[in-house]
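Reading through the structure tokens given below for one structure.
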Amino acid sequence: MEVTVNRKAHFNAAHRLYRKDWSAEKNDAIFGKCNNPNFHGHNYELIVSVTGEIDKNTGFVVDMKVLKKLIKIEIEDALDHKNLNLEVPEFKELNPTAENIAVVIYNKLKPKLNAKLALEITLYETPRNFVKYSGK
Amino acid sequence: MEVTVNRKAHFNAAHRLYRKDWSAEKNDAIFGKCNNPNFHGHNYELIVSVTGEIDKNTGFVVDMKVLKKLIKIEIEDALDHKNLNLEVPEFKELNPTAENIAVVIYNKLKPKLNAKLALEITLYETPRNFVKYSGK
Amino acid sequence: MEVTVNRKAHFNAAHRLYRKDWSAEKNDAIFGKCNNPNFHGHNYELIVSVTGEIDKNTGFVVDMKVLKKLIKIEIEDALDHKNLNLEVPEFKELNPTAENIAVVIYNKLKPKLNAKLALEITLYETPRNFVKYSGK
Amino acid sequence: MEVTVNRKAHFNAAHRLYRKDWSAEKNDAIFGKCNNPNFHGHNYELIVSVTGEIDKNTGFVVDMKVLKKLIKIEIEDALDHKNLNLEVPEFKELNPTAENIAVVIYNKLKPKLNAKLALEITLYETPRNFVKYSGK
Amino acid sequence: MEVTVNRKAHFNAAHRLYRKDWSAEKNDAIFGKCNNPNFHGHNYELIVSVTGEIDKNTGFVVDMKVLKKLIKIEIEDALDHKNLNLEVPEFKELNPTAENIAVVIYNKLKPKLNAKLALEITLYETPRNFVKYSGK
Amino acid sequence: MEVTVNRKAHFNAAHRLYRKDWSAEKNDAIFGKCNNPNFHGHNYELIVSVTGEIDKNTGFVVDMKVLKKLIKIEIEDALDHKNLNLEVPEFKELNPTAENIAVVIYNKLKPKLNAKLALEITLYETPRNFVKYSGK
């Protein structure tokens, strides 16, 4: 019996959408006010979804306490109250769009989970905009 | 890397569930108080979900500003503060159930999106009832 | 010890904002698309707040089961799936704005409660617009 | 046209996570404070999702009134204000983790639905932890 | 300038509403299924609201980090994953209704705060039922 | 009859909590990770609450369309996608804590409203932290 368990977490961060190799005009045309050179920010709300067989012994797919701690160490400690562009190595050359942040979170968590477990990341950039990525 | 981006929107509308070709008794039996001939209404909360590859240049699957404007023009302007039965051509002969409204919204948005993008519509008729349609 | 107990409820209804004694032009100027003669509608989410002393015997300010039933009979049965303008007597001559609906709900519930209890009505017309009335 | 309709419901219950055949030490090591022998509890929020073809006659996948009543009889009446370990037969020998509760709910509802309909259960144990099961 | 700062927290607990000095019949008549002798439970969502002058030096009414830790130590550690009737001394002789739990939380936190600060407790027993207490 | 009408709005911004006249050590001790010199950010969710008499002619306390536009011009255009410390004049010498931002929003809106209307600002810095200010 395959079940998906989901855990919510959150982090607050500043970011700016732009490409160093584009002109200011092109950055403005594509990214609009998200290209503010002084940064803006979000409360990112995160749902980590892990799919796998229920362990007959425990009744768990994964131990939520373990998953919660993993998200704390790998994601919240790395991203919370940070400037994504300036302080998070993954975004040195990668534009921190919600799409790319979801991929980065997936790539940080996937190798830490049992390889039999499937992973999906849902990331709310605002209560009205959110993205999903599941490694496909 | 395939990501789903989701944008929330909303519209308020009046509707009535019934079929012209059924008797009042049959309409009441099937649709209950939703068959009130004087109409009732809802705050429809909409999630438009678009799945596709992340554009390497922008880091976007779709530009949210463009998607937001498309939803405004195609859906909100067409349905907001309307009587679905009397004023929305798609429901002239189609019962405006949540299921059918989701299909109509899908059919209005799909041709406006790049053909490579998959679309899913989530429509909340109330905070307790909602439907999903993805063109299958 | 004075405590406020709050109970959520909801009803869906159609309405139209306008005054019979105003011209169509004036109604449009003041009420905009809310003046659609074919009606539009909302999911009204209601919070009924009752303030009073905790009963030493029960530990209750009011019995929630009793309050829930009262809201069902007085408010949900009267307003749910109704056209407020055409079917609810209180709005025969009263414009069904959120403000006025809250006052009507207050006036319907207040006489049914123990006179020692204070009442406040919170009414969400949409998740983004809501009103409060407490009989002052 | 295949649509998923979703209905929210809820029940409150006490439970304890443990295995009779394990020592107190092992139960504590695996289940932590969830192994409190005096029980703790949750407001379980449930989403029942049913997927199928839209009926051309009604515009419904399933009649929400029927689905609502089914959830009331099969799930809410069986689980609400209960001690899952002591009073619900399905958990006599089964640890009432969120995962296992979702499977039990699925197994109770599936045979009551038209066999052509697919079913998915989403169960929130807290606003921050939830699981999904769809019979796979 | 007087501002209210609000911090959300939560705990899960089992409880039972009843009075030892009443007959089983009377307890059932008043407390219904909340009188289940095997207990039931809730996810209690808590809002702690503290009102006072903004400190000119910090721009804070209270330091949220300090308030968060205080709630953790005084409330979450005392009530989370507990059986309120059996394990929490304040409810040895006091019926753990939402009203009484809010009063107990107020009485635990008030002496730990600067005496100039006003305190209000909002406690959600379920997403649909909640109470407020401010020491009056 | 006095009613409070409430309108939700939102803006995203970057900020940093610190005082220029304090040492880095003191800023760190008081503001912790909120003192990150590279900034972090939030989705600020705003509720503007206006209390006054219901206008007998319209049934409104204030016209929500007018209030919505006022919030757009005075608050969203001024604060959305901005760095509060660097780009918003009110925070040149004022620490942009949630408390101070609420006061600034109050002071921007109050003079634009009819003097008979009372105003309260509720500002969510995160879904778990929020403040209220009503000019007292």
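First chain written, first letter: the chains are A, B, C, D, E and F, and each begins at residue 1.
By our rule, a contact is a pair of C-beta atoms (placed from the backbone, for glycine too) under 8 Å apart; a residue touches a chain by one contact, two chains touch by 3 or more.
What you see is a predicted model; the values in this text were computed from it and never measured.
The minimum number of touch steps separating chain A from chain F is 1.
Common neighbours of chain E and chain F under the contact definition above: C. Among the remaining chains, F is positioned farthest from chain D, on the basis of C-alpha centroids. For the pair chain A and chain C, the distance between mean C-alpha positions equals 41 Å. Annotation: 29 Å between the Cα-based centres of chain A and chain B.
Residue positions 127 of chain A are each in touch with at least two other chains. Pairs of chains in mutual contact: A-B, A-D, A-F, B-C, B-D, C-E, C-F, D-E, E-F. If you check the complex, the residues on chain D that touch chain E are 10, 12-15, 33-34, 36, 38-43, 45, 80-83, 86-87, 126-127.
The touching residues of chain B, counted against chain A in their complex, run 1-8, 54, 57-61, 63-65. Residues of chain A that touch chain B in their complex: 17, 19, 30-32, 94-100, 102-103, 127-133, 136.
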